[in-house]
Amino acid sequence: MTRLWWTQIKAVIRLELKKTFFAKRGLWIYVVAALPVLLYVAYAVAMSHEQHRTTEIAREGERRLAYQDLLAVKPGMTKQEATAILGKPPLVFHWTERRPTGPNSTEEILHEDLHYSDGQNDLYLSLANGKVQSINIHEGYNLGEDAVVFAGVFQFFFLRLAIFFGCLGIFMNLFRGEVLDRSLHFYFLAPIRREVLMAGKFLAGLLATCTIFITSELLQTVAFLWHFNPQTRDLYLYHNHGLEHAAVYVGVTFLACVGYGAFFLVAGMLFRNPLIPAAAVLIWELINPFLPALLKQFSIIYYLKSLCPVEIPVSPGTPGLLALLISNADPVSPPLAILGILVVALLALFVSSVQVRRMEINYTTE
Amino acid sequence: MTQPGAPVSESSGSPTGAPSVPLIELNGLTVRFGNRDILHGLTASLRGRAIGLLGPNGAGKSTLINTLLGFYKPTGGSAKVFGQDIGTNLRNIRSLVGYMPENDAFISKMNAVSFVQMMGELSGLPSRVALERAHEALFYVGLAEARYRQLGTYSLGMKQLAKLAQAIVHGPKLLILDEPTNGLDPSARQRMVRMVREIRDSREMRIVLCSHLLRDVEDTCDEVLILKQGQIAHYSDLDEERRSNKRFVELEIYGANGDFTAAIEKLGCECAVTANRMKMVLADGVETRDIFRIAAEQQVRIRRLNFRRDTLEDIFLKAMES
Amino acid sequence: MAVYRRNYRPYSGAQTPEWSRFLVLFRYSRRNLFRSRFLTGFLVLCFFWPIACMVWIYLAHSASFLAKLGLPPELISIDNKFFFLYMTVQGVLSFFMTAFAGPGLISPDLANGSLPLYFCRPFSRAEYVLGKSSVLGILLSQITWIPGVILFIIQASFAGASWTRDNLWIAGSLALSSLILIAILSLLSTALSAWVKWRIVAGALLVAVVPFGAGLAEAINAVLRIDAGHFFDLRYLVATVWTNLFLVDNERAVSVGQAWIAILVYGSICLWLLMRKIRAYEVIR
């Protein structure tokens, strides 16, 4: 019997995968998954261009500068003092300002903007009449900072929005889509147990979402690391837990697909209108930080956030409410988080299997 | 409140009883989608009470109707309905037309009365009048018992009837029916055809019926335009055809020998004999009584005499072959 | 004529004016919409905040209440910030109301192919869109500017002529900010439902598109270290225009002019989508 079920599950998976991967109505999921990849590709292109520019400026400079040299210049220094540290500037812009000092008198101020680079970071010095007025250091790529940005985009965009809505689209469509297409009765008339059908559909959905979103996640990592030089990349990947983080992100993506997938599968069977559960879950996930500890456990994002390897620092200017959203006050341990998601998913699948047995087809016009 | 659209002359101007104002005039009408000509330079003047549009699938029948209703813009030529140009007087034309589309077209969460009433109101009927006429139209098409049911629960045949009701609720001068018998079972089809005939015979509305079912057109129309690949393959006035084909005679005869055929041929008629059937074309001046006379002389028994005419199927097939 | 007589009867009576035909659609669509008990309940829910604001205005002018609390009267001030907060909350509720009510207006017509029935009559596409949008327009007006203006009138009646004279612009801001919101939400929901044709999918898409746009905007800004990502965030753009209308100090990364232009561009895209999809028959080339 188990062998027959497994054969049937494989058949359902085969049928469903074709529908899920090549359906015109599912094209938007590819777009959603591709957006962060495109974003990092754009970033890599911009950074490569920027790197090329700063290297050019550094090479045109009188001497080779280090980051410490850029920090050594202070406001109030004279031009001579500054150039003594930094050398002759590779780029200079100057203009004269006539500033009125009285009814009939004006004062001439010579403004100079000096631009230096250490090959990675830019230094802009604004001088007025030969004295440094303001210093602006524009820092180039910084892997540490970029890793935090990556983590932020992963948590707040990819996980909460892209995977959330992607799973909503795919898993809701498994049953609700068939009702809309008036084709579910073909399955129900086939000699297949409904639980087996449900399992097949769930696994097909899981396979599709995992393929789409894990591929996206891996491509994001590749695009994110693309513009760094090989030494920096190796240092990050092999010595700063980069590889480990990438693996964790893939794992979290998988668990998100499992958790959200199971939830939306059951929601697709319980609700005719996915809008209501989607909006409810979206709001529930959003208010999760404000919930008591017990209620927090009934949220998928709570466990997923606990598994994320990089903590997003709350910047000092962040409003209290947003700061609460960003921080994960009492994260659970990774094994418990994984277990939590699996338990939530199993619970949802159990409800689905009960629901699918009771399901009656009523093809009313929408 | 304003008065309904421009008056339409209904006076009979032709010996067949067809009104003098052409119902539809096409002057080199061309419709193109992308690189494909769907309708290619159609020119015709249709005056019948009930005009059938015939043609195989993809011939351009529905496109012609949709162009007349202003859904598609002509890429060349022009067309007039009741003498009004579709390019400039579309709103006027639409106020004179009732249209029953081919595909499913309804509002699922509405009962038939509300649906037909709304359509009446959109055509310009005051609310109270629209309600009264909605009931009338639904009674008329035979949906009286089911008129408070939601349209989403209707069977295909009932939906067709509801579509017909919404098309006539506002009292149009022209009723355009696009495949009205599509998907109907034989009895429902007969009912629909009977109703179309009733509407035609009431002389209150003129009808354009678009179908690929020859029988439906034959049963209801007096004029036929056959389209093929976006062009007019044939135009036929069915009444005229019926009259002119009276000289083709078909006999079922018993006890005949070669003398009977020879005697008939002597009258100048062309004959063809197969077993006990004989087909002939009567020569000018020859009447059927002459045939009966010869049969009596030759002691030939005539069991049946039919005036055979070309059926619409013959006309259609000829048009398709040409 | 009695309805039981199965005879066809032509009509030659008076007709309603052509300009008023879109109201027919408005009337029927609105009736259909309020068949949903959920929507009726949600509409009632949307009045809670205006009522709370009304109570707040009353308390702010109740000297005895403030004295009981030991608060100085100027602590609870009813000013532009108060009305801005009112509009912010009602704006969120309007968004959800649109998500529930909007897609049900057009997508069933498209899904059931009923557009040819509308357009074979003397009834244009513009009238159709106007008729359908006006349902949302009236519905959202009921929960945005109408209670807002009532609140303003209540406040004016308490605060006197001088306050009213000085703050009359707030009433204008209430109306204008609501109109912007109503216009963009109506266009967005009708365009999305015309595009996807399925009511429930259109609703889900509307719920997704705004938070997704906001998330995408933040991601773009964070990764590329720019502010241009905000142009993808409709919520941010509307809020930028609102802060300007209510003269609320709030540093925005996008200028008011840019926000206006972006909103107009989004509106135009929605209109273009609508006009492409709202046709009797779609031409497959």
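Structural remarks
Going by the order they are written in, the chains are A, B and C; count residues from 1 in each one.
Definition applied: contacts are C-beta pairs under 8 Å (C-beta built on N, C-alpha and C of every residue); 3 or more make two chains touch, one makes a residue touch a chain.
No experiment lies behind these values; they were computed from the predicted model shown.
Centrality by Cα centroid goes to chain C. Averaging C-alpha coordinates per chain and comparing to chain A, the farthest chain turns out to be B.
The distance from the centre of chain A to the centre of chain C, each centre being the mean of the chain's C-alpha atoms, comes to 31 Å. Mean C-alpha positions place chain B and chain C at a centre distance of 49 Å. Mean C-alpha positions place chain A and chain B at a centre distance of 64 Å. The multi-chain contact residues of chain C, meaning those touching 2 or more other chains, are 108, 112.
Touching two or more other chains at once are residues 365-366 of chain A.
Shared interface positions of chain B, defined as residues touching 2 or more other chains, are 108-109.
The touching residues of chain A, counted against chain C in their complex, run 32, 35-36, 39-40, 42-43, 46, 149, 152-153, 156-157, 160-161, 165, 168, 172, 176, 180, 272-275, 278-279, 282, 365-366. Looking at the complex, you find that chain B touches chain C at residues 1-5, 33-34, 66, 69-72, 91-92, 94-95, 97-99, 101, 103-110, 114, 118-119, 121-126, 129, 132-133, 135-136, 139-140, 142, 144, 163, 166, 168, 170-171, 176, 198-199, 202, 204-205.
Residues of chain C that touch chain B in their complex: 1, 3-18, 21, 24-25, 28, 32, 35, 108-109, 112-123, 279-281, 283-285.
Contact residues on chain C toward chain A in their complex (touch as defined above): 96, 99-100, 108, 111-112, 198-200, 203-204, 207-208, 211-212, 215-216, 218-220, 222-224.
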